[in-house]
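Alright, structures below, take your time with them.
In what comes next, chain A is part of two complexes: it sits with chain B in the first one and with chain C in the second one.
Moving on, here comes the complex of A and B:
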């Protein structure tokens, strides 16, 4: 979302990684030695010799304090809710050690090693893209299974320099461009649109990424993009662009922007005579709070990672349990972390069923392989992974009807 | 067809700029002050509209309240900040104007918060079709109201005694005073008329851009200022011409897909006009007598 600050973070962390890698190489990561003995020693539950495994030790890494604490605490609440519910069933128990990385990349690496020393078999984390990307190369070298619920940067699962996939790292959230792909498919398959226009902000990375993904996917599936218009983030006047779009008369117009823009685009598109169905992405959330006249975005569809409006029973259950436990409604981050915990624990169960001992390299490899083969119905949609370990999810589609964002369905 | 639609767009945007540019130009014409707080008067007008509508006033009453509010604000501003500086160097007054602009923006942020607030001014919706072109009512009303306001202003300045006094003060303040004109009240009247036009401009602006933020007037004021300079600051027909020119420029730049250069193009025009014809399109070059 906040791409500029994320980019700044990434740059900062690159420096940190370079430093940490340079100074830290000698002591901890000499051979891959440290992982085996410590892990084997601490996971004292059982041997592989036929005895039943009763406990698995995992780590939880995120910013519980600092600037990203809002996300961090949401994620911890979501993940712990799943784990507590799981433990309450009896049988296998999941023991959690959590570490606060305070939103700091260098500290995240330190805390990661701390978790490794504590003997964890897998890690849920981290929360924001920067610290996560600082940890991933180390975890990849250790073969440590990891899953994040919220880190959206493409570099979390793929080394941006070499294109190498971090096979141990997964995530349960959308990456930004995925939403563009989804909306192109939605327009083509569900709305039977033949032609599309796009209106995007040329100085917001989020907007550019979604536009590009939409245009690329549209070309593949035969949705003709007949018109592309741009605007600057701070400019309030879109009328000229919208008049051009109205003249091009497409079936749909994709507008991957934030709600501060939709509040202006809605009324102006009505005045400019745009009749195409408007499509948006998760930046549209909150549009109805920001817009003066909701009738100007009537009929628009947009996508979201999580919704309270779903009628699916397991999602309603999740919301109720979360509210009962914490006294607040779960946000998107909590829901995604809940799913991340579910994916990881299901993979761990698979490794135990295969008769492996927690803490061993074989156990970790099996957990990673099981995660890659994930196919679950989570509270944020059905999740499978592509070859870059990014989720192929069903998305929730909302439609604005009578001034309300109504749940249209999953797609 | 597209060209006609874009033409109407430009006309609508241009009439908003023109209304606001008039306030700049009139005040400059009479006391040689660039009133940089003029754009922020529009922002205050937006908040007045939000509160008037939320309080349940009839939209017509709300519109009148906005115009009265803007006028009152300008009079207070003039009495408190500018009158004591009547004999001060022009640079002091200019800096005061910038200070008032910042004060208004920060007070608005303090009282109303930085969050953008939606504003829904009930305006006739729908459109009329002429051939294949459909023109939304708000566009027609905006252009009509702007033209009417300018005609009315022209009458006040050219056809009434007050207008005659304004022109006299503008031409030579001391001579006007010797002829028995109350210069201070004429200056206040000029501020009031400029602000009333800004109030009308505010309504028309927020119909097209229905979100109010504490800084909404800054860029708008700057562009209207450029429009006034382009036309020839101090000249009433110049401000109208400049406003429409800037409106057309922005719409053309946006329509051909160069939206990343919209603001740049406007400022480029300012630079060019200052280099090539500093007196503006219709301004007369001033000859300094030594």
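Moving on, here comes the complex of A and C:
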């Protein structure tokens, strides 16, 4: 009996801790870094009542735990780095409340509502496409400004059944079809390829999206797709598919998959005798870390949203600050989230300059309008938005030479 | 039997009144803006997790098997319900009810198809084969892109799941399973759990009862799936992976195998916990795991054991106690 009451006490205490802690928030101020070159001049506006606006409350939504935590934590690091640097400038302060959706769609919707309850004016998130698409219709109904750094599914900003655009939702990453189109054009124009094969995963929406766009664009520009092979995610063996591709002997083979696949496909394609030039997309990032023999993917081209090898000063600055803060190099997701935060905070500054009060519907509308008119030089390239709120930006092409991913150029 | 006299019609009246009061007050509270939006959202989610847990409790708790494919049935129901609503065959409440029933029936058919071969096995083997079937359903959905949207998912599902719809389903589910368990069928199911060979030797068709329990469980899992679809408005096959089955099983085990009350409490606790523990960041997961371990160490039968709540019994107890205090040694026989 005594034992049981102790347990009950412990459990009750845990619940109390949980309830109290639920009110906690991520402290906005961070270590002072160099001023952010992309932030521009900060001038505090005054709201309608004539009082100076000193603080804006925004939400950060993503999977900090669970299967997608790798992306989530990268995104949080990138976004918070921008916000901390921005706050360190003084003047307008950005207060952040972050919520963990664990990569689960239903939880993402709950956490979105929780952020709305907490009174946020805008949200950065979510990270992966599934939970983001579950949240967007709710946010659209609320007119809540949102920007994701990493949700690449075409359906994130557009209702694919009706064609209606979710005007409140923006993103700073490439969309899946865009990458497929770019790589088809690259193969045709730069590599002068006549024939192509495709190897994709039929149960990963990212892979399907890229494959479809590549095949459609190839048909338009006269690149003949002579062979398409598929596999299931988690499959360890690609010999059958690669042997067929080798037999078809195309000029290029487009492999829109993640690095966990390419690490296996590389050595197996060499064994199967595939001689075609391999093309990939941003899922290839990290291939060289995972692959056993880098020489098997020698000469492959892939597209990425971010590269370390840029000469531009603001990108070098960003990499230095990121490394100083977190002790690791920023990956593409962190860089895109950094740009997403930059786009959103610029738009918020604009709304404050227009004399609006944070939290009101007018403020949110103005923020959305400002985001739509974005034109900034981010760390992932110059970003403007098209009418579907997808970024128009240059793609960086990398080529694997001597076991290193070299910057080939922009395309 | 020397029971204190609450007569059966009176018990029904008490229960009916309580149900109506619950639905009415729940509706008033959720619609009246008394709760935050996140709380309202959690209440809906708790609703379909209650259905999932209570329906899994039938084969897992009462029948004593270990099925690990509950997410598969949920997926079938979710997609059937979503496709039914998207097609717009019926309108208004007819559409809502039609979608839920269609989801349940198709799931139940899958339950029978899977149950007949699977239930010839026991224990670990049953767990593995149901796990396999659950994954098969998910992979099937993923590979029928023309119907289900494949890995890209199904969008624009009408959001029919409000408080009223979800909680009427919860009550119907609890009521049906409760009534099954109080009937001859229920006693047969419990007998199979306690000793299958003895039950068979008594002339009870164990295969029939096992498949029936499985089908009823699948039916309500399908309904819960449709409610899930109607809450989110978007379905992705990866939502129904193995972890979903495990989560539901965790609710049932935490609440107590064989206790409906336990499943309900487990669903409420485990579904709402993540919302209240947001401020703890990554420590949340440790506490979550610790809670499960502590419960399993100190109360291995789950929070409620096999205890089932009965309003009638509570009233009898209270009544019996007051009467006993009036005249010493009054009649009360409260063995469950």
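Here is the rule we go by: the second predicted complex is superposed on the first by the 230 of 411 C-alpha atoms of A that agree within 3 Å, B and C clash if a C-alpha of one lies under 4 Å from a C-alpha of the other, contacts with A are read in each partner's own complex, and residues count from 1 in each chain.
Note that in this section a contact is a pair of C-beta atoms (placed from the backbone, for glycine too) under 8 Å apart; a residue touches a chain by one contact, two chains touch by 3 or more.
Keep in mind the model is a prediction, meaning the values are calculated, not measured.
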| item | value |
| --- | --- |
| Which of chain B and chain C A:114 touches, first, second, both or neither | second |
| If touched residues of chain A are counted for chain B and for chain C, the larger one | C |
| Which of chain B and chain C A:355 touches, first, second, both or neither | neither |
| A:241 touches, of chain B and chain C: first, second, both or neither? | first |
| Touching partner for A:203 - first (chain B), second (chain C), both, neither | both |
| First, second, both or neither for A:133, with chain B first and chain C second | second |
| Partner chain(s) touched by A:159 [first = chain B, second = chain C, both, neither] | second |
| Set of chain A residues, in rising order, touched by both chain B and chain C | 202-203, 232 |
| Residue ranges of chain C in contact with chain A within the complex | 36-38, 40-42, 45, 139, 142-143, 145, 150-153, 155-156, 228, 231-234, 236-239, 273-282, 284-285, 287, 290-291, 294, 298-299 |
| Chain B-facing residues of chain A, complex | 202-203, 229-232, 234-241, 243-244, 246-247, 260, 263-264, 267-268, 270-273, 290-293 |
| Of all residues in chain A, those that touch chain C in their complex | 3-4, 7, 10-11, 14-15, 17-25, 64-65, 99-100, 102, 104-107, 109-111, 113-114, 116-117, 130, 133-134, 137, 153, 155, 159-162, 202-205, 208-209, 232 |
| Residue numbers on chain B that touch chain A, as the complex places them | 1-2, 5-6, 9-10, 12-13, 116, 118-120, 125, 127, 134, 136, 138-139, 208-211, 216, 219, 250-252, 254-255, 257, 259-260, 262-263 |
